[in-house]
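In what comes next, subunit A is part of two complexes: it sits with subunit B in the first one and with subunit C in the second one.
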Partner chain A sequence: MDNPQEVAGPPLLDVVNVSKRFVVRGSRQSVTWRRHLTAVDGVSFSLRAGEITALVGESGSGKSTVARMLSRLETPSGGYVNLHGERVRFGVPGGRRAYLRQVQLIFQDPFASLNPVHTVRYHLERPLRVHQHLRSQQDVERGVAALLEEVHLTPPSRFIDCYPHQLSGGQRQRVAIARALAVGPKVVLADEPVSMLDVSIRLGVLNLLAQLVEERGLALMYITHDIASARYFAATTHVMYSGQLIESGPSEDVTQSPRHPYTQLLLESSPDPTRSRKRIPLSALEVAHGNIGTGCRFQPRCPYAMPRCAEEASPRQAVGGTHWAACWLLAPVPADGQ
Partner chain B sequence: MSAISGGAAPVPVGTRVGSKKRYAAARQSRDRFVRFWRRLTQSRKTFAGLVILLIFLLIALFGPWIDSQSPSAMSGAVLQGPSTAHWLGTTQTGQDVAAQLLDGTRFTLLVSFGAAAVATVIALIIGIGGGYLGGIGGEVLSMLSNCFLVIPALPLVIVLAGYLPNKGGISLILVLALTGWAWGARILRAQTLSLRRRDFVLAARVAGERSWRILFSEILPHVMPIAASGFVFTVIFAIVTQSSLAFLGLGDVTTWSWGTMLYWAQNNSALGLGAWWWFVPPGLCIGLVGMALALINFGIDDFVNPRLRVTDLRRRGRRAARLSVAEVLAPHASDSAVVEAVGK
Partner chain C sequence: MTNREPVAANSALPRGATIEVDPLRRNQRPASDRFEPLVEIQHLTVEYGVGAVAVSGFDLTIGRGEIVGIVGESGSGKSTLAYAVMRLLREPAHIREGRILYYQGDSATELLAVERDQLRALRWSELAIVFQSAMNALNPVMTLHAQIDDVLRAHDRTLTRTSRRERGEELFKLVGIPLDRLRAYPHELSGGMRQRALIAIALALKPNLLIMDEPTTALDVVTQRQILDELLRLRAELGFSMMFVTHDLALIMDIADRIVVMYAGRAVEAGGPEDLLRDPRHPYTIGLLNSFPTVSGPKRRLTGIPGFPPNIAELPQGCAFHPRCDRALDVCRQQVPTFTVEEGSNRGVRCWLHGASTTLGAEASVAEEQCEPAKLARNQGSDMDRGRSSGP
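Then we have the complex of A and B:
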């Protein structure tokens, strides 16, 4: 199989060193003693047209915050975003809308992301009117029908006047996908798009997304906690832990020969009947809280932790091709001996 | 069971809509209305409230045609009990009590519904606007409604009404609206605060909708039951406050309302004279309208809070009655947020 990194074109969306610090609830009123929580800390990656990129991490790792920042529901505390190689400016009038015309978000929970008081038609025609500037009722009608067909809700007439409660979870998520597509985006961020769906229909929705990526040439970011589906679905996989990327590379490499202890732990904990089960050290299962300081964030849980890990975090260590991991274990030998 | 687990949205018992496209929209709106009407009237309390209110509205509309006597016209028949000539007797100056009551109904209801409408609009703007905006603007609006909440309403009304140069209906409506909106604004703000972080609101933002569109199209439909309930309560507040004002002689004593009738009855010591037909009817009317509105509010409560939909179960017969309380309540665990928000 070709390495997709080599055949793909220039990045469509470049995320550079993006961070998000939240003020901890309850300390907002305090002038002198505000506590902050760094949800995302200096994350950089890029999305390419026609390619699926997975962002994998446990809950609380900041992966959803990344999606929210990229869809402008949250304002990043640091870093910036390049779209088509140009730095995006949100300050200018209409900048936000213009950006959202290119970048769209699919929410995790289709039971919450559709307004129960509106029909499918309303949900789909609003972005058509706002972004595609369709005016006549006929054009809008045709656009809505085409979108429904594109997400395989056929015949469209059966679904167009339905309210969300009349649809199943899978159908709702397809409507949510259609709404994201209605804008005509180049980049789609899918925040755990199948985790709220029944297992039996997950594959159908994932295949639909893959098909849309191929047909429309979308750049898709697939956010998930299920590293096994990332292997099946995505060309590139980024692993996130505690707000930072800790390993990244072609999905096949990351999932078959994980180099970071955390990625190894993540793969160990996902069920696989063909693999003999290794015992995971108990200490590694406990989620560490509190301030890690400058050291590696995984160090309190890491079975291979060294004194050095507590002092400074490892930079990206290349392990072949585009595959890298941030762990001192992979550092060149001379540096290790110090 | 699907109807019970239907959640807060006033919807369906397995209706399949949308198969026949052409009539779907029309049938759907009709279906919704039928369902709405059924839900509204299946509780006897709500139905009774609606009937009583309807009677009073008809009286307000057609009152002068029912009894053509002038409410202010004096006659020689002084302080007479109810008779065929004077259905509800006469006052000390020989005025017809029934005519006064019919005439007063119009003014009383007009002022109280008008005041409630204005107050609800203010509450919607300040409550939803403040809740959605957040930040300093939201805090200021919240503080404003808190200030109005702690001001004792009746003394303020008395002061305002006492200094108003014009004591007609419009100024009364404005005074009552000014003192009656804060309570509703507070509740609407709490509900909006919970709604603005919901995924469907965020999704509308990602879809590029503007703030006012999100407020009107995404949030407003979800707070309408609460606004309706607030409206009903404000009507009760306005009737009682307006009657208190008139009773104290602070209103326009020449305009007939239930309050002014009580004012004149009190001034002429109707109680001491034993002229019960003079003060009982207006008092009863105030009580009846208040009760009718309270009963209607039970019905609105059912919309907002499915936990209270007990009448629903009773109607559905034994099968539903066998369900344990826990089974009935469990599907609505997610609605507790709404209940708490309302509770605030």
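Then we have the complex of A and C:
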């Protein structure tokens, strides 16, 4: 977890302009209404083999929706995905299964993602048979044992016949990781993989994921609300706010010289006893997410908001290297010195 | 049984008087500088069924206006402790040993021995709790106003409808919820708003002790920070004490006056946030400090803690932490160390590496020395022991 690897190779998974609109229906006094809620709005990024990419945002920012779209639990309303440089076609027979063989999701809550009436063996055997086409009981058994060893649940014989309730949270999450690996994926999407775990256990699970990325050359997307862990764990960090990416770049740059006011707010809010705290401006009080029109979505909470911010959202402004932020404050000053 | 004084008489809280304070300054206890005990937990032992000891020989005194953080992992007994103080434990949990004294003026009430009626009067008006999951703690089919109204009406029949509404509005203003949200149902609010509403309800009767059971765990960091700042401001304004139960050491270090680290039902280290940060002594505390990433400064080496938290039903012999401790001695595997308090300070540690004495059975004597009840009514075999559960 100390040394995130540097950028390596071409993108494995390319996410291009992906959006998700949900229809919200309601009724009040026998008048029904429906409107659209844009949970994810034109998000683009890429994941590389052997690299961890963090997607950071608060609850409701759409980060989990991104993961659910990439694992096809939701169908995107717009945009597309390239895998190994080729556009993925889900319409063709077997397309979805072939895609999921490459891209797997680890859920946040290991108490909910494992079936309580089945043993660890059952959870790991199924993907081995379905996706790896292992037939003989002996092969399957060996595969399950190897997976358990890979996630450091050793000796495998101690865990293989356990039911989820017999395991601790950290052990369950390791089983969930093994289950994702059983398919033999190239891309793993981890949606808040440690937020339900105890502090002393988190580091172990994160280190395990980092080790798997290195050994298997996985492309890992680490979705989290904890920007401090992104700093330690991911090479690249994308910050998401209200369905849009608002800043991204190498994790150290994003966390040490944040340029977007929201990223700054996020960092100042993170508990860190080793520094003295700054007062957080009251204007940053929470505001319901909704359709804010064409302006910057953070503008209602932003202490630096200008008239321009309400009218149109800023495009990506480069701030050195691959680091960019979508904020008008960073726009180059026009030549007439305005 | 001590006679309790009327609630109104002992509320020395400045009503309506707004004090300008910087909520970011630590250790700014309002009222007097003198340490005045509010709640004293003496050698509390809570067992689930037979053999699963969730809290073991726990001692803690919370002063007036003080924020005490209780830090521990799941299964460390921190929530059980909070529930014991509120008398919310249900079967199979039972209190095997110990006393919890609640000080009011010169008299002390034994919380574990009070009868139902008295408990009902104490809860909410003297001791209030904010639960972890705001969605589950609020009634989904009642508006927020109705829920505040309910609390106020249940505890003070003399309040008129208008004065209850005014109080409700005042409370919402206090915790920073727009007044138009009073008529909202819980599902119409964001997680942060719900948690604020719970805090407003908890503060409705101006309790002297607020117990927070992981109040911000489900929230994201920005909302969490706002609520913590809000709590510090309210504490400065209203002067209540807080027992803040959490698993997040980094968070509690920002707001607590004093921290108790729990492991497997026992206090393993106690001290001020600065002490724990600069000079942690118990290997578990050191491990916790080396487990969380920091947002500022150079990257630290994160070592974490190997192994898994123990199952309280089958605790290892000796110090419960020894299987995960890289500095374990032979004695650690055999005997539970005593909790050694440093002379003239609030620092204490339960570790063989830090001066625990080797006399067997010394552990109990530490608690014995601290017991000095003023006027104490103790009633053996409280309703808790008989397993009667009483509603709030």
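Simple rule for what comes next: the second predicted complex is superposed on the first by the 315 of 338 C-alpha atoms of A that agree within 3 Å, B and C clash if a C-alpha of one lies under 4 Å from a C-alpha of the other, contacts with A are read in each partner's own complex, and residues count from 1 in each chain.
What we mean here is this: a contact is a pair of C-beta atoms (placed from the backbone, for glycine too) under 8 Å apart; a residue touches a chain by one contact, two chains touch by 3 or more.
Please read these numbers as outputs of a predicted model, since none were measured by experiment.
S.K.: Please work out whether A:S64 is in contact with subunit B alone, subunit C alone, both, or neither, and reply first, second, both or neither.
M.R.: So A:S64 meets neither subunit B nor subunit C here.
S.K.: Quick one: classify A:S314 as touching subunit B (first), subunit C (second), both or neither.
M.R.: A:S314: touches no partner chain.
S.K.: Is A:P127 contacted by the first partner subunit B, the second partner subunit C, both or neither?
M.R.: Once the two structures are laid over each other on A, A:P127 reaches subunit B alone.
S.K.: Of subunit B and subunit C, which one contacts the greater number of residues in subunit A?
M.R.: Touching more residues of subunit A than the other partner does is C.
S.K.: Which positions of subunit A sit in both the subunit B and the subunit C interface?
M.R.: Residues common to the subunit A contacts of subunit C and of subunit B do not exist here, since the sets are disjoint.
S.K.: Spell out the residues on subunit C that touch subunit A in their complex, using ranges where they run on.
M.R.: Against subunit A, the touching part of subunit C is residues 24, 73-74, 176, 190-193, 219-226, 229, 247-251, 253-254, 273, 277, 287-288, 291-297, 299, 301-306, 308-309.
S.K.: Mind listing the subunit A positions that touch subunit B in their complex?
M.R.: 71-73, 96-97, 100-101, 104-105, 107-109, 112-118, 126-127, 130-131, 157-163, 165-166, 176, 179, 182-183
S.K.: Quick check on the complex: what are the subunit B residues that touch subunit A?
M.R.: 6-7, 9, 11-12, 16-19, 21, 24-25, 28, 198-200, 202-209, 217-218, 221-222
S.K.: For the complex, which residues does subunit A have touching subunit C?
M.R.: Touching subunit C from subunit A are residues 1-2, 58-60, 168-171, 198-204, 207, 225-229, 231-233, 255-256, 265-275, 277, 279-280, 284-286, 288.
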